[in-house]
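The structure that follows is given in the form of structure tokens.
To keep things simple, chains are lettered A, B and C as they appear, and every chain counts its residues starting from 1.
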Amino acid sequence: MEENKEKTIKVYIMGKEHQVPEGLTIMKAIEYAGYKLVRGAGCRAGFCGACATVYRKANEYKLRVALACQTLAEDGMYLTEIPFVPANKAKYELEKIKPSPNIILQYYPEVARCVACNTCTKSCPQDLKVMDYIQAMKRGDIARAAELSFDCVQCGLCAARCPAEIVHYHAAQLARRLYGKYLAKPSPNLEKRIKEIEEGKYDEEIKRLKSMGLEEMKKRYMEQQKNAEKEEA
Amino acid sequence: MELKEDEIAKREEFTRRVEELSGQNIFACYQCGRCSAGCPMVSKMDAIPSMIMRLLQFGDMRVLEKNTCWVCASCYTCDVRCPKGIDIAKVMEALRQIKLRTNINNIDIGKIEGIEELPQIALIANFRKNTG
Amino acid sequence: MDIPYFPGCSLKSNTRYFEDSAREFFAELGINLVELPEWNCCGTVYSLTTDDIMRHIASVRNLVHAQELGKKLGTNKLMTLCAMCYNTLAQVNALARSRPDDLKTANEFIDDLPDYEAQVEVVHALSFLNENVSFEKVAKLAKRKLNGLRVAPYYGCLLVRPEHVKIDDREKPALMPKLFGLLGATVVDFPYSVECCGSYHTVNMKDVVVEKTRTIIGSARENGADAIVLSCPLCEFNLDERQKDVRMKYPGFERMPVFYFTELLALAMGKKINMGAHYVSPENVLKKYGLV
């Protein structure tokens, strides 16, 4: 009988050597080695930012960063996960503040310390232009900061490596909130829908859904799925 | 006043470090006082610029306890007026950096009064000089 | 004519009127200020220790952007309006030219942009007008005279110091006096034209700035000026907005409006200026000289 031997590679997890099958992501490799990820795993799809990882490739000096669930483990990799970055979040009341050019510096004055070294951009596993959005904040361009930071998953790696101690993603969150509340064009459809809700257009339906049992709901859901598939075909 | 050998070594090391960071020859100063005469911030300093230069010639680390380098506004007036070509502004920066590089900032950036009215240019410049 | 232009953070947010008036003025000369397609804050102040390369990176990045844009436009000049931006970029540029090892380190560190070749020339708008346009030509193109407006040019520190980047004489600067004299203003000479305004001390040592503002404005008034003209957003904040703090401490203090030099140039070209952007309103003074 032919033995189908799986090829294995060597990885070092927090300094300890492990043999894991080739072709696993870093996250799967860590779990294969016997670790249980309590804090460092979330959506497993590159969206939640829980699995920020710092690693080094064999025979290199550079410390690289990535999301564990999105990166393949390589032979000779030295790695560790950063499950949480204890960054400070400023307290503000969105209703009470105005999108003035200086507003982000008021709540995150450390943004003024940015020296444009670009370490944050190099640390971003989502390839975002982090330094560019920090510079936009310095300039008072809230809209641009919101736009450039939109795909941020708040993994914290930028803040962990910044020499100016900036908390990029919290400051970006403030920029996006200000943008959404004060600067983005209001959607006429949204306003219409909110009015409909306030006028009670959907009250009956919601009441019915709430009082429906689980079986009935399952039946209706499957019916809806079948109809949708029929329509597509 | 007689100094012990290890005290002399410490002082010489301090002056050497200031010279290295500033790139200036501290011993070129012949105490003419022009830097102090032109300094726009001198009235708020507890040791005037020419006194700081003299103390540095003796490696006297008490210069780090004076407020001089923090009241300095980096205006370069001392630099352009020194007849010996010493850039005293660079010496002041060296003193600031010696302090800041021990991880002690001169201001707490989280506790700035009236930050709402301050333009970014003021905050950025201030943090560059007062934080490490 | 196209020229690469570095605005700096202030001119894009709270001192937009500095840039707006500049654009209006330069348009009359057929000069287009082409903003760098990408840029970052220059750092505002030049880091003075011999070993600090990191704090020059921000300026080197901007010089690379200027270099690349300059290649497309056929020039090596980079124009600035803000005195702090001018001084910081010019000093970093001088360092890049005189210390090739430091430049090499900076270039290797900035791995997402082409290398800086140290060929860009950083120019302040006043030098550019003097050397590349001539003040006489500006006066010829002017649509109106400044009607003897009594104005005191305030240079502050960073346009005249240190020696290797100054754009004018450091004790008795002559560019602004000549330019505004030709445009029909009455230029007032006063002893504090190159005196530091207190700069960044406005953040945590406000009283220093209050005293300086009182002295500078007071001396200008004593010598007969009705307005100050300058080129730096930080000086402008200290000399304009901080007049409020001066009046709180010295109730008899008489206010004086503060102009960016490009505002007076735009006025001379028959354009209107943004009165509301000033803290001390220039309306009365401009009315007095029939300039409104």
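As a convention for this text, a residue touches a chain if its C-beta (ideal position, glycine included) is under 8 Å from a C-beta of that chain, and two chains touch if they have at least 3 such contacts.
Remember, predicted model here, so these are calculated numbers, not experimental data.
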Higher C-beta contact count, B-C or A-C? B-C
Comparing each chain's Cα average against the average over all protein Cα atoms, the nearest is chain C
Whole-angstrom distance, CA centroid of subunit A to CA centroid of subunit B, is 45
Where the centres are mean C-alpha positions, what is the separation of subunit B from subunit C, in Å? 27
Rounded to the nearest Å, the gap separating the Cα centres of subunit A and subunit C is 42
Where does subunit C touch two or more other chains at once, residue-wise? 9, 13-14, 41, 43, 55
What are the residues of subunit A that contact at least two other chains? 101-102, 138-140
Mind pulling the residue numbers of subunit B that touch at least two other chains? 112, 118-120, 123-124, 128
Which bits of subunit C are touching subunit B when the two form their complex? 8-10, 13-15, 41, 43-45, 47-52, 55, 82, 84, 157, 161-163, 170, 195-196, 198-206, 208, 212, 233-234, 237, 241
The answer for subunit A against subunit B in the complex is residues 101-102, 105-106, 109-110, 112-113, 138-140
Which of the residues in subunit B end up touching subunit A in this complex? 109-110, 112, 115-116, 118-120, 123-124, 127-128, 131
In the complex, the residues of subunit A that touch subunit C are 101-102, 114-118, 121, 131-132, 135, 138-141, 163
Spell out the part of subunit B that touches subunit C in their complex, as residue ranges. 20-23, 40-41, 44, 71, 73-77, 79-80, 87, 89-90, 93-94, 97, 107, 112, 114, 117-126, 128-130
